[in-house]
Amino acid sequence: MLLRAENLSKRFGGVAAVQAVELAVESGTVHSIIGPNGAGKTTLLNLLCGIYEPDAGKIVFGEEDVTGYPPHEFASAGIGRTFQNLQIFFNMSVLENVMAGGWLHEACGLAAALLRPPGLARAERRARTEAGELLTFVGLERWAGSPSDGLPYGALKRLEIARALAARPKLLLLDEPAAGLNPTETREIDQLIRRIAERGITVVLVEHNMKLVMEVSQRVLVLDHGRKLAEGEPAAVSQDPQVIEAYLGVEAC
Amino acid sequence: MFFRTLLAMGTLALASLVQAQEPIRIGAFLSVTGPAAFLGDPEQKTLELYVEKINAAGGVLGRKLQLYSYDSAGDAEKARAYVKRLIEQDKVDVLVGGSTTGETMAAVPLVEAAQVPFISLAGAVVIIEPVKKWVFKTPHTDRMACEKIFDDMRARGATKVALISGAGGFDRSMRAECLKVASAHGVQIVADESYGAGDTDMTAQLTKIKNTPGVQAVLNCGFGQGPAIVTKNYRQLGIQAPFYQSHGVASKQYVKLSGDAAEGVRLPAAALLIAETLPASDKQKKVVVDYKREYESRFKSEVSTFGGHAYDGLMLAVDAIKRAGGTDRAKMRDALESTKGYMGTAGVVNMSAKDHMGLDLSAFRMLEVKKGDWALVQ
Amino acid sequence: MSAELVQFLLAGITLGAIYALVALGFAIIYNASHVINFAQGEFVMIGGMAATAFVDSGLPLPLAAAAAVAAATLVGLALEKLAVEPARNASVVTLIIITIGASILLRGLASLVWDKKIHSLPAFTGDKPIAIGGATLLPQTLWVLGATVVAVAALWWFFNRTLTGKAILAVSHNHLAARLMGISVRRVLMVSFGLSAALGALAGILIAPISFTSWDIGVMLGLKGFAAAILGGLGSGPGAIAGGLALGLIEALGAGYLSSAYKDVFAFVIILGALVFLPNGLAGRRAAERV
Amino acid sequence: MSRKGFAVLALVVALLPLALTNNYTYEVAIVVGLNAIVCVGLNLLIGYAGQISLGHAGFFGLGAYGSAILAARYGWPPFAALASAVAGVSFIAWVIGKPVLRLKGHYLAMATLGLGIIVAVVLATEDQITGGPDGMAVPPLGVASFVLQGEKLWYWIVGAVLLATVWLALNIIDSPHGRAWRALHGSEVAAGAIGIDPARHKLTAFVLSAASAALAGALTAHYSGFITPAKASFLHSIELVTMVVFGGMASTFGAVVGAAILTTLPQLLTALKEYEMVTLGAVMMLTMIFMPQGLVPTLEKALAAARRKPE
């Protein structure tokens, strides 16, 4: 198991957003989390990357108990993520956004950053090349030099993915990567997720688009009112009467 | 040939005429805005008024005066920049200004290096002690004010004194001087409180003073609205000990702001404040009455001793230029240093190589507020 | 309670009431626009200066006060219309600089329109100190306290009982939602600037008999009002009042029992401590960030 | 862009003396340079890391007084005093920054403002050591009998320090650290998600900006030979922030231009006498209303747009 969450709970005021959720993500799989609006999907994701601290339960990543770590230590442990409501660094160019994602692998001392010795200049060139390759990987190479605030919505979603990949995560949490995209763009995201998985990166996917989920996932977790409703292979889950009642039934209309 | 000679002579004559009309440049840097605006504003007005008057009367040594004046806003760094501008760019012959001690002290190294006579309008002792070759000043020092006040207190049988001071340069400097000279004048400081710039209520500090055992007199070192608020709070708390203000509030405005609360308050000040009520025999009467009338008829506002400092500064400079026979800087400086018996708004000025202010304690009058006006304490 | 302590408390409450009025002005504008209006202190100055000018020109005090509040309100509306609205989408820092520019401009104008002297208003009902438990206070202090209470009550009524008031609260919670509900955000901004200018002017008139007024009193009062608003939790009305009173009491007790030279330092140390250790402000309203 | 910009700045510094006719104009140029040093550093914090400070005059004042007091009262060699003052202020900023930088937005503004005021009050009150509100004299910079004095010499010193500061700033902005700052400014959660520790990077920006303020403060003190607490005041903090925002946040050259314009403007406005304040306020407001991004970024964009058009 790459990631294990045990008995994870989080309350906001009187509302239990996530209650005693168990989750085990196997290395090399695409593991989806679905559920109706307000089911607690994004809260669970925020727990899994340290933005929220759980009220109860623990999170083990690889061999390491990461419960209570600040977000940036989740990242350095190897968990990356994208955001449903875009969190692009609009004050930087497209390429710089991806280069910023490489911080963990290009960290340098303050003195070096100020004086820019040849070693750092070399590292910068390498980082630039790698960021360019990632942009090619997500299909944004022609935007590399542009300011990021001029990009169309669909491109920004892929930019988030490229930036997350630059941190070389072992586990990538994708929060509704296809939300707001048209069918063509959604297919491209579908392809992209598969290619990410092929690189050996484990993916946890929160998504509303059922077709996408069913196509790319090996396992699906269904949340409802903050609780685990069902878990299993996509085909099995989609047949679960409870799931159909709580979620798919509504969605199908 | 003849024509050419005529032409040459004409040019020469013209040149000498221009020479004669080359104006005398007076440089001023004053706190016209900022926290010390109440000093700089009347100083600026006084300088403008008297430069105009002197020019209308034909100038000095047949040359017009030209005033270059900048607002240093109580900021020492601005003062520095403007002093450089006055010396280097405007090429002034003499400097008058520095409304505050901070501005003055920032200018001192520059005028010493450039060797320009400089008459400061600020109060602190450090300006003239130790003596600086090119630096003079017109107002009484804060130390003299402390001495005058302490002597008056002792004469009334008060030796245990409480201080309450503002946070400004004038306030802090006077407080420090008073602490220094207290024991030499037979008084003991038993309480030492402060208030900040812009404070609106000082009853907490005064309550502390009120509850300090044995306080026989209270002295407020400060200027601006602070002392008026202190005065009101003093009466509100019903403190009975005699109350003294500094020469920093020597204007009618203080009495007006404080209202009835100011009754009985004493302070040392120049005779200017009681110009009209001076006995006719007083040698200073003419100069202070004239200045007061000129200023008040022109600006429709009450005269203050601060404008008087600027008047004295300008007149000392003019007097020195006359005696030096021109604007040679070294000669002007020597003339300033040898000023004797000059009667100004602050008192009789007798300068010397050891004393670049030339005033003594007799120039200070102890005044008391009576029925909403200043009255001389006999 | 010793007479000394009573006197310190009275001094603190007087100071605090003034800070509270200024802080309320900050809170109202912040609520409607998320702008910190660094020109808030200038409204206090305009209130005091205009009132003294009107009194000097022969108007009776109540009329002069009303005219001064009206004048300040106009200035507030103009500030919103001419400076804040055109820059609605600018960054926080840019807006701060705009309001600082406005405060310099207003101070400059005041020194031109009026003068650079210190002015005073006559006390509303005399200068005779009133004794309370061995301490004394001036009748004007009661005016300050009374008017503050009335102003706060009127504001409460306005925000909870009138449509415009509720609209302002709605806008403060969510601009977009308010607009969808048909509330004119622009009008709400105008009203809130006018209102907080009027409040500032009221404070300026109330304190002019106690602590006088001049063209540059706005700087310090604005600063203290901002500190009080922050101490109480930005955008909270009750917080602004609590913050103002707390700041006044800290200053008075600090000056009385510790050191008068360092009373402002104590005040700011306590504010820093509150910011760092009480992340929700005195009124517990400091919003958490949502992702 | 940044290399070309640096070359232009170096050229301006090298050629400006041709236009400086006397010691007064040199003085203005020196003050511009000193303010620019502070602004370039402050811009790292405000423009790049996105953290506001309304108290940097406090660090300026601590640097100035620290160096002045060590040199004047304790007889330290001025260069040692200057270096210790800058190091000491950096350490203070590091200690204070840790708790204070947890605050955001207006709360951070208030906290830094409070810190600045505390410094200003202490400097004005402890007159035994600092000379009080009237200020204190500061010995000139120098080694043994060789003393650095005179406007022309100081022009080159300040010019060199400014160029060095700009060079270091440009380097760090275009390094992983600079990107980490900008990431924090863009989105703090997203920055956390790629492994950037917000507390650590805000602190480095805070300490570097404090150090540049302290350096400029110490240089100012030794250059002018006199220092007053006004340089540590709230108003000076506001002046510094205004220069940064006026010139353009997140633009190093903007910070220099902002410092240059707002330092020389009051000197040019002296002819307006009593209208000076009104004009200054109006210029600030109009610039910020019509160029909310500041002067240099707005001009850069206009220039880029004009270049694109002809094609």
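Every chain is named by a letter (A, B, C and D) in the order it is written, and numbering of its residues begins at 1.
Note that in this section contacts are C-beta pairs under 8 Å (C-beta built on N, C-alpha and C of every residue); 3 or more make two chains touch, one makes a residue touch a chain.
None of these values were measured; they are calculated from a predicted model.
Q: Return the chain label for which the distance between chain Cα mean and whole-protein Cα mean is smallest.
A: That would be chain D.
Q: If I average the CA coordinates per chain, which chain comes out farthest from chain C?
A: Centroid comparison gives A as the farthest chain from chain C.
Q: Taking the mean of the CA coordinates per chain, how far is chain A from chain D in Å?
A: Inter-chain centre distance comes to 40 Å.
Q: Chain A to chain B: how many Å between their CA centres?
A: 73
Q: Could you put a whole-Å number on the gap between the CA centroids of chain A and chain C?
A: 47
Q: Distance from the CA centroid of chain B to that of chain C, rounded to the nearest Å?
A: Roughly 37 Å separates the two chain centres.
Q: Give the residues of chain A that touch two or more other chains, as numbers and ranges in rising order.
A: Residues 51, 83 of chain A touch two or more partner chains.
Q: At which residue positions does chain B touch at least two other chains?
A: Each of 33, 167, 194, 196 in chain B touches at least two other chains.
Q: For chain D, jot down the residues that touch at least 2 other chains.
A: Each of 121, 125, 189, 274, 276-277 in chain D touches at least two other chains.
Q: Quick one: in the complex, what on chain D touches chain C?
A: On the chain D side, the touching residues are 46, 52, 99-100, 102-107, 109-111, 113-115, 117-118, 121-122, 125, 189, 234-235, 238, 241-242, 245-246, 249, 274-285, 288-290, 292-294.
Q: State the interface residues of chain D toward chain B in the complex, per the touch definition above.
A: Residue list for chain D touching chain B: 21-25, 27-28, 31, 121, 124-125, 127, 132-135, 137, 220, 224-228, 230-231, 266-267, 270, 273-274, 276-277.
Q: Under the definition above, what is the set of chain C residues touching chain B in their complex?
A: So the residues of chain C touching chain B come out as 4, 7-8, 10-12, 14-15, 18, 111, 115-118, 120, 127, 129, 135-138, 207, 210-212, 214, 216-217, 219-221, 251-253, 255-256, 260-261, 263-264.
Q: Quick check: in the complex, which residue numbers of chain A touch chain D?
A: 49-51, 70-72, 74-76, 80-81, 83, 87-92, 96, 99-104, 106-108, 110, 112-116, 120, 124, 127, 163-164, 166-167
Q: Would you pull the chain B residues touching chain D in the complex into a rising list?
A: Against chain D, the touching part of chain B is residues 32-33, 70-71, 74-78, 80-81, 84-85, 87-89, 100-102, 105-106, 109, 124, 126, 167-169, 171-173, 176, 194, 196.
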